[in-house]
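In the two complexes below, subunit A is the common chain; its partner is subunit B in one and subunit C in the other.
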Partner chain A sequence: MIKQLSGALLAAIVGAGALALPSVAQAQSRLDNYTPVTDEMLQDPAASDWLMWRRNYQMWGYSPLDQINADNVGDLQMAWAWTMEAGRQESTPLVHDGVMFLMASCNFTQALDAATGDLLWEYRREVVEHPAALACGNRNAVLYEDKLIMATHDAFLVALDAKTGQVAWEHQVGDWQVGHHYTGGPLIADGKIIAGLSGCYHINSGGCWISAHDVASGEELWRTYTIARPDEPGGDTWGDVPLESRYGGSAWNTGAYDPETNTLYYGVAVPIPWGSEQRGTGDGDVLYTNSTLAIDADTGEIKWYFQYMRNEQWDLDHPFARMIVETEVSPNADEVEWIAPDLTAGETRKVITGIPGKTGIVWTLDAETGDFLWARSTVEQNVVTGVDAEARTAIINDEVRSSIGEQVYVCPYLLGGINWQAPAYNPNTNAIYAPVNNLCMNFTLNQVQPTIGAHHGSARSTPVIPESANGNVGSFTAVNVATGETMWEFDQRAGFPGSVLTTGGNLVFVTDDNRRLRAFNAETGDVLWEQILNTRAGGFPTTYEVDGRQYIAVPAGTGVSYATATPEIRVPSGGNMLYVFALPQD
Partner chain B sequence: MSQLRLAPIAACLFLGVFGAPAVAQSMTELPDISREFLNLQNRLEGDTIRFCVYGASAIGEYDRAVAQLLGDALLLEVEIHEVEPPIAVEGLDTIPISLEDLFILLTNDCDGFLGIELAPDVYPEWLTFTRAYFTAPYVVAVREGSFESFAQLPPGAPIATQSLSTGDIQFGAFNTNLPEAERLSRRPYPHTILQLERLRDETVDAAVVWRPWLERNEADMAGLATLPATQLALPSRPMGIALRSRDTYLRTSLDQAIAQLEADGLLDQLYGELYRPVGTQP
Partner chain C sequence: MAAIGKSNDMEFLQVSLKRCNGRVAALSVVGSLLFAFAAPVYAQDATTADGVFTTAQAERAQAIYDRSCASCHGATLGGGASAPPLMGFPFTSFWTGKNLGELNDVLHTMPADNPGSLTDQQYADLIALILDKNAYPAGDTELPADGAVLAGITISPAAQ
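Right after this comes the complex of A and B.
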């Protein structure tokens, strides 16, 4: 599986051109000087590094680097580029000590000199004939000690030696033949590897789970199922459906982690099949689908849960990044639709916030208890009509529930007001920057017989741009975390399938369906810089510093897209490419 | 089976997927499949007829024999193409391939596909069917000696069904129409092998299953029985041969052959030779 650059090959590269020699030598020194990643580094990462999916445990997608800032971002230019493997583009470039670790589709991974893009080593995992089309959308690995740890398309955990790319160990967690896979990568918490399993949108009995593993071997330490077992609390919310026929609950994005309380915050996706009539669960809540699970990182015990949508049937998943923020909580009732009745405004709290699900609703909960604080929508939606704070769930519009074969008009579209493209949080502005999209759908549940290992095939749907959007699908929106107010909004025809990066330079970066990569002023929303790429960017932009120079890395290539609703926006398929930008050197 | 990766992500046959007005357009068109996957020269010719058979179905063995019988009746050589879906699940009432794969099979590999449930308004127009060559009902299986009639099952008794099969849907409709206090507890399972396993280990009191699963030679009916006809009117599944709509002459020929074999009692005789009708097992 490993393809190591041999000495002979290195010699050939060096011989290919005089200019190659210094860069190879420098690249080698990058690995020589590579230092192990510690727990302290993960909790307080060096400004120059990007060690995990959204850079910190709080899932901010924020870097304090400010060499590139609102005053000079207009001078940004390409420093280097790198062609990536074909396949789904959902990569997150990680950087430590000047080495970039770039895991692409199907876990094909390369270590590059982060200043030049020169190849240091590469690892090619054997690609299995996976039944799930999304299995190779592998978003992120994590750096810890002297290892790069990944969760794979064939449901393994794999640790590579960060200096050589050699496999240190691998451990099978799920069964890819029934659909299991990892797309959201692992994180390190409490000295353990934590991983959320996906692929439970294929028919596999009992649903998915979140598990903890030994960092030295991958051996499983605990497992928390995302679907309540019949004889456990919440088990009765699936009615009489036996465990063998309880499906779904993928945990397909990386969770957040609070080291102070040793608590993990993971999101759980939808039940399968989508329709309660298809599942046979009646009006049961089907726990813990569409919930946030607060999990004790030591034991896997569920401390609390908050189920955003009970008995859901439109594929409006809630597995996305939860952000941990300490903030004043003073929601402005003029802009925030739902506020907890007993909320004492003005208090400073540690909250779980962000847009956890496809409804595009910003939800803010108390991090310690899971109590509801406030929520507001960002896009057209007709599914949630209120919040039952006491029951800790949304009130669902019964008019959009349907029987098998009955068509209903539902907002948002099942690709979501937002999907796996991640918002970012900037502590300097106390704002979330969200790449949301206005699309609704005509939705019909199918009569479909579940087949073990096969896709569930629950429904068919067609996207529709709602009238209220005036033809604009994309809406890049800044929301104040304290007040819930819209700080600014950038609406346009093209959707926003790209993830967000925000920095200490008062900047926010995001890409759209029309190949535009832009830098916005984080405070005002003014567009300060724009670069047209070869295609949309499905990967996660990151920033880092090497030898005193700040870089912006953007993995372009197709991931999620809203372009079916804007057919005049033509984007080529394929063309995965990593672009790295920096300011000109003196 | 074609290398085209369609089957794993598609729904099973007989799903009603194409039943709604929203997709009426696709009912009248051929599937959007690249020509590179299709053998456009391969049409019925000479003295050979090719049948696709899914051996893992409840009547796979019978289908093979019927194919031979039909070939003999039409004075044609018979070639059997064994269909091996990427995901094969024993005990499943439907065939786990997509309509796109069925189109490819009927274009490249066979002239007809046996073992497809006949149902109105659920298939696209490029598909046609012969008359039914086999029909069998869903039945209620119980542990021997536990219950003698369906009416004896007490309210709340757990009943195993195969999720969203025809029998499950009919049972669900029956159960929903009962007064709430008299309802049984529907327990959907992904396939019949598991239904029967849960019946044996007493997780459930009865199982609604398609009768041929109980009548196969491989079926272990020791300790199991079926209940006589009851107030629960379970459906029968008529099975036919799927063909491309263009093959009208072949459909007429097969219809005539099936009718003759049926009139001669040869289809029933064949089933009796290969299967053990419920009630006659040792």
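Right after this comes the complex of A and C.
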């Protein structure tokens, strides 16, 4: 499974021509100078590095690098590009000490010289015939000590030696044959590996879990199930359904982590099948689906939970990145639909914010208690009509609930106002930059026959652009985290399936469904630079610095897409490609 | 090719396929067009139980499926996350009683990342593949790339 540049190959390259020598020699030196990643680095990463999914534990997607900034971004040019593995494009390029670790579809991983793209080593995992089509959309790995740690399409944790790509250890966690897989990558917290299992949208008994593992072996240390067990708190929210027939609760995105309180914040997806009539759970809340779980990283104990949507039926998942921010909390009632009745405005608090679910609603909770503070929508939605602050949940519009065979018009579409494409937070502007989308759907639940290992097949849906959108699907929106106000908004026909990068250079980068990669002024929303790519970019843009030069890395290729609603925008399938941009060198 | 008319008075013309070969198939369809009104015509109560596609048509759609559909709907049409299964009970329970024209319309909004990028013939072939995978019987006549004709064929209950 490992292919390394062997001495013989190196000799062949050198023998082939002197031109090959400098890059190979330099490539070798990058690995020679590679230093282990420490807990301190993870908590306070060097400006030049990108060590984990959204760069910091707070899930900001923010880098303080400012060599590329609002004054000079117009001069950006391509530094290098690299063809990536075919398949789902959801990659996050990680960088440490000038080495890029690029995990592509099905965990195919390469280490590259981050300044040139020259290959250092590669690891190809044997690909299983997985029943879940999305199993190979692997979003991120994480760097720790001298390892690159990944969570795989076949539900293993695997640690590679960062210098060689050799497997240090691997540990099976789930059973891929019943659908388990990892798409959200692992996190290092409290000296442990934390991983959220996915694939529980296939029928597998008892649902998914979040687990902690030993960093040296992968051995499991604790496990917290995302579906309440019958004899535990919340167990009765599934009615009389026995544990083996409780399905769902994938934890399919990496959680946030607060080292100060040793608390993990993970999101949980929908119950399976989607409809309560299909599940047989009646009016039950089906905990902990569509919740944030605040978990003690030491023990796995649930400190608190907040269930955004109870008894949900439209695949409006709430598993996305939770952001941790310390901010003044002063929601402006003119723009924020729902504010906690007893909120003392103007206080500075540590909050859990961002857009946790497909409704596109920004939810802001107190990080310590999970108490509701405020929430506002960013796109057309007709599911949430209010918030019950005391009950810690949304009030759901009964009009959009349906029985089997009944068609209902629901906003947003089940691909979401937002999906796993991640917003970013910039501490200099105190704003979240959200790539959201205006789409509704005609949605019909159908009859199901749950079969272990098979997809649930709960419903059919067709997307519709809501009238209020005036034909514009995409809405790139900056929301002030203190006030909830829209700072600026960039609306257009093409949707925004790309993730966001923001930097200390007062910049925000995002890609759209029409191949545009743009840099915006973070304060004003002015478009400062645009590059047309070969396709949309499903990977996560990152930035890093090598030898004093800042780079912007953008993995192009399709992950999620809203093109069904804008068929006149034609973008070819495939074409996975990593683009790396930098300022011209003198 | 989608402009082939439908007439209940016309003779049922079989598009003969000697081999499972895309080029031969395409030539055969073009050849049939030269006969002006040479579209297959089905009885008004035609259903998918009547053998409305050929095995060869379903087989040649497999490569299209693998390239354009499998990444979301799964290699075996079993569905994935938001993409519904295209075979089995969840499929047939929803589509029974609807017609192939409706299915054809939905297919034309796909692939989700590049909608409408296939030819009408390729969409018709994919319908043949879906019918085949759901155990509907094959027949001697290809399913035509004509929405009006497809709308005249009702999806029957799944074979047991």
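Note that the second predicted complex is superposed on the first by the 581 of 586 C-alpha atoms of A that agree within 3 Å, B and C clash if a C-alpha of one lies under 4 Å from a C-alpha of the other, contacts with A are read in each partner's own complex, and residues count from 1 in each chain.
By our rule, contacts are C-beta pairs under 8 Å (C-beta built on N, C-alpha and C of every residue); 3 or more make two chains touch, one makes a residue touch a chain.
Since this is a predicted model, take the numbers as computed values, not measurements.
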After the subunit A overlay, clash or fit between subunit B and subunit C? clash
Of the partners subunit B and subunit C, which touch A:460 in the superposed model: first, second, both, neither? both
First, second, both or neither for A:572, with subunit B first and subunit C second: second
Touching A:447 in the superposition: subunit B (first), subunit C (second), both, neither? both
Can A:131 be said to touch subunit B (first), subunit C (second), both, or neither? both
Using the superposition on chain A described above, determine whether A:549 touches subunit B (first), subunit C (second), both, or neither. neither
A:163 contacts which: subunit B (first), subunit C (second), both, neither? neither
Tell me which partner A:303 touches in the superposition: subunit B (first), subunit C (second), both or neither. neither
Of the partners subunit B and subunit C, which touch A:414 in the superposed model: first, second, both, neither? second
Those residues of subunit A which subunit B touches in one complex and subunit C touches in the other: 129, 131-133, 444, 446-449, 454-455, 457, 460, 462
Would you mind writing out the residues of subunit C in touch with subunit A in their complex? 67-68, 70-76, 78-85, 88-91, 93-94, 106, 109-117
Within their complex, state which residues of subunit A touch subunit C. 87-88, 129, 131-134, 201, 315, 414-415, 444, 446-449, 454-460, 462-463, 536, 558, 561, 563-564, 567, 570-573
Where on subunit B is subunit A touching in the complex? 5, 7-12, 14-17, 19-20, 22-23, 86-87, 89, 92-94, 96, 158, 162-165, 169, 172, 185-191, 194, 198, 203
Okay, in this complex, where on subunit A does subunit B touch? 129, 131-133, 203, 205, 240-242, 244-245, 278-280, 404-405, 407, 442, 444, 446-455, 457, 460, 462
